[in-house]
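What follows is a structure written as structure tokens; I'll ask about it next.
Here the chain labels run A, B, C and D in written order, and each chain numbers its own residues starting at 1.
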Amino acid sequence: MRLTKQVRVRFGHADPARIVYYPRFFEWFHDTFETWFDEVLQINYAEVLNGRRVGFPTVQVATEFKEPARFGEVVDVEMFLSRLTERSGTVEYRVRREGRLLATASVKVVAMNLDTHTSTTIPEDIRTALEPYLEEDDEGPNTARLYG
Amino acid sequence: MRLTKQVRVRFGHADPARIVYYPRFFEWFHDTFETWFDEVLQINYAEVLNGRRVGFPTVQVATEFKEPARFGEVVDVEMFLSRLTERSGTVEYRVRREGRLLATASVKVVAMNLDTHTSTTIPEDIRTALEPYLEEDDEGPNTARLYG
Amino acid sequence: MRLTKQVRVRFGHADPARIVYYPRFFEWFHDTFETWFDEVLQINYAEVLNGRRVGFPTVQVATEFKEPARFGEVVDVEMFLSRLTERSGTVEYRVRREGRLLATASVKVVAMNLDTHTSTTIPEDIRTALEPYLEEDDEGPNTARLYG
Amino acid sequence: MRLTKQVRVRFGHADPARIVYYPRFFEWFHDTFETWFDEVLQINYAEVLNGRRVGFPTVQVATEFKEPARFGEVVDVEMFLSRLTERSGTVEYRVRREGRLLATASVKVVAMNLDTHTSTTIPEDIRTALEPYLEEDDEGPNTARLYG
């Protein structure tokens, strides 16, 4: 199961080459992650942080940008999980324009107690809500060529 | 050889957990990349894009965030190259606070002709200027655990 | 007539005080302006810039931030026009949370030929589409106290 | 007395029209405000917020963008005060390129107790440090034409 969110490339996302400035992709990813909680899991993301004092800092990222997304285009940001443990998960993002894969990312987050700033377990209700989104695919980022 | 640039974590970089919102790191990295051209290589980065019509889109990224950088802290962003070919390079970033490694990133960029939007060779003068910054270290991002 | 767009305050919009970092409001305003073209007027905003070569740079802004918007809250961004001439318009924004006015802004934009970078007339079809959104209200930003 | 800070227009500041996307100006202004505390007044800005629990939310803004700043250009951001009372101040910004005025802004901030979220007095040492920066000029933003 995946969440798919439509994003239109706005003026403020695009750079002088008229394509998405790549740090903006990570903002889209984080917004999609929050949307997932708020609108899909029906668990208020801000309340998890402010109320329960559990956050999900990003610890590892791998991304491949295959083709640019241009100012004015509408793209789909897909999101699912490739991995889920007691204390962490790897969130996968796929950005497509009319089905064509533009970008692919794996983002590992860990559960953190925001008062003690130490690792904690993912709250039970959240982990249960996330489980249906565990999925495998073979389109993940290939960063082997980074150094090759 | 490395370029080191000091950055203070500004209010607008930090999130409600009072640490750097991770997409901002990539903005720092890109700003450091541009500073390298403008101030170190003495090759105007905007003129490379606007005048010579050569850009450097990011195609692959691996990043590890080991420890947070907090609002108000001053960190060092180091930059060098782990790889340089005729048409692409991998730029390495290391973020430290008083020597302690907070984040590490490898960012692969390719040279692109901005008129035809096709791959091109890195201009000779730029490649020559970049060569002294080729270096190896063993602190690069370990993203093996993303799926492990 | 007004356009109303719902925005949820995302993690990346909020600052260490957990309220919206004020420059983000202007990003919301610009996104709402673009949404107006794309979804309401049915005139593709990117195509106006890229194809017709007409842009709408901002020349004057007045804003009053009355109450903060907090991380996780859902607010309404309303948009209409207080003024429309052959070459410029003043776009009004009102941000509310459950009806309560949080922020109010007046943003004057001018039509610009993007090739010659000189003032031009607002294209006829766009001006006709904008006219129904001309409206008066008495909630506009009061910046008299800036210097008082 | 004024603080002047040099800013180079970075790739990520510029939009598809290759000029500064106007919300970025407000980020520059806020960064300059923080620099003023940290480097000029020698009062750690983050420590004022985190330690003393006093913040300076923006309540009113007037801005005039006279000419665009282009990707790659170096501009000066000048900062001083046009008004300072027990509980609030109006901070003035002037952006110039080689002396030529590109943008002018007045930003009113109020002192706020970050625990009670109510208005408070500006701490004595901060007000004393700010006083030398009180100055008048006749280049402030003219927003009269917003509705004219």
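Criterion: a residue touches a chain if its C-beta (ideal position, glycine included) is under 8 Å from a C-beta of that chain, and two chains touch if they have at least 3 such contacts.
Not measured: the values here are computed from a predicted model.
The greatest centre-to-centre distance from subunit C, using averaged C-alpha positions, is reached by B.
C-beta contact counts were set side by side for A-C and A-D; A-C has more. In terms of their C-alpha centroids, the spacing between subunit C and subunit D amounts to 21 Å.
If you average the CA atoms of subunit A and of subunit D, the two centres end up 34 Å from each other. Mean C-alpha position of subunit A lies 29 Å from that of subunit C.
Shown for subunit A are the residues that touch two or more other chains, namely 11-12, 16, 18, 21, 23, 27, 30, 49-50, 71. Only residues 8-12, 18, 27, 30-31, 34, 38, 44-47, 49-50, 70-73 of subunit D touch subunit B when the two sit together in their complex. Taken in their complex, subunit B has these residues touching subunit C: 11-12, 14-16, 18, 21, 23, 71. In the complex of the two chains, the subunit A residues touching subunit B come out as 16-17, 19, 21-24, 26-27, 30, 49-50, 55, 57-66, 68, 82-83, 90, 106, 108, 114, 140-143, 145-147.
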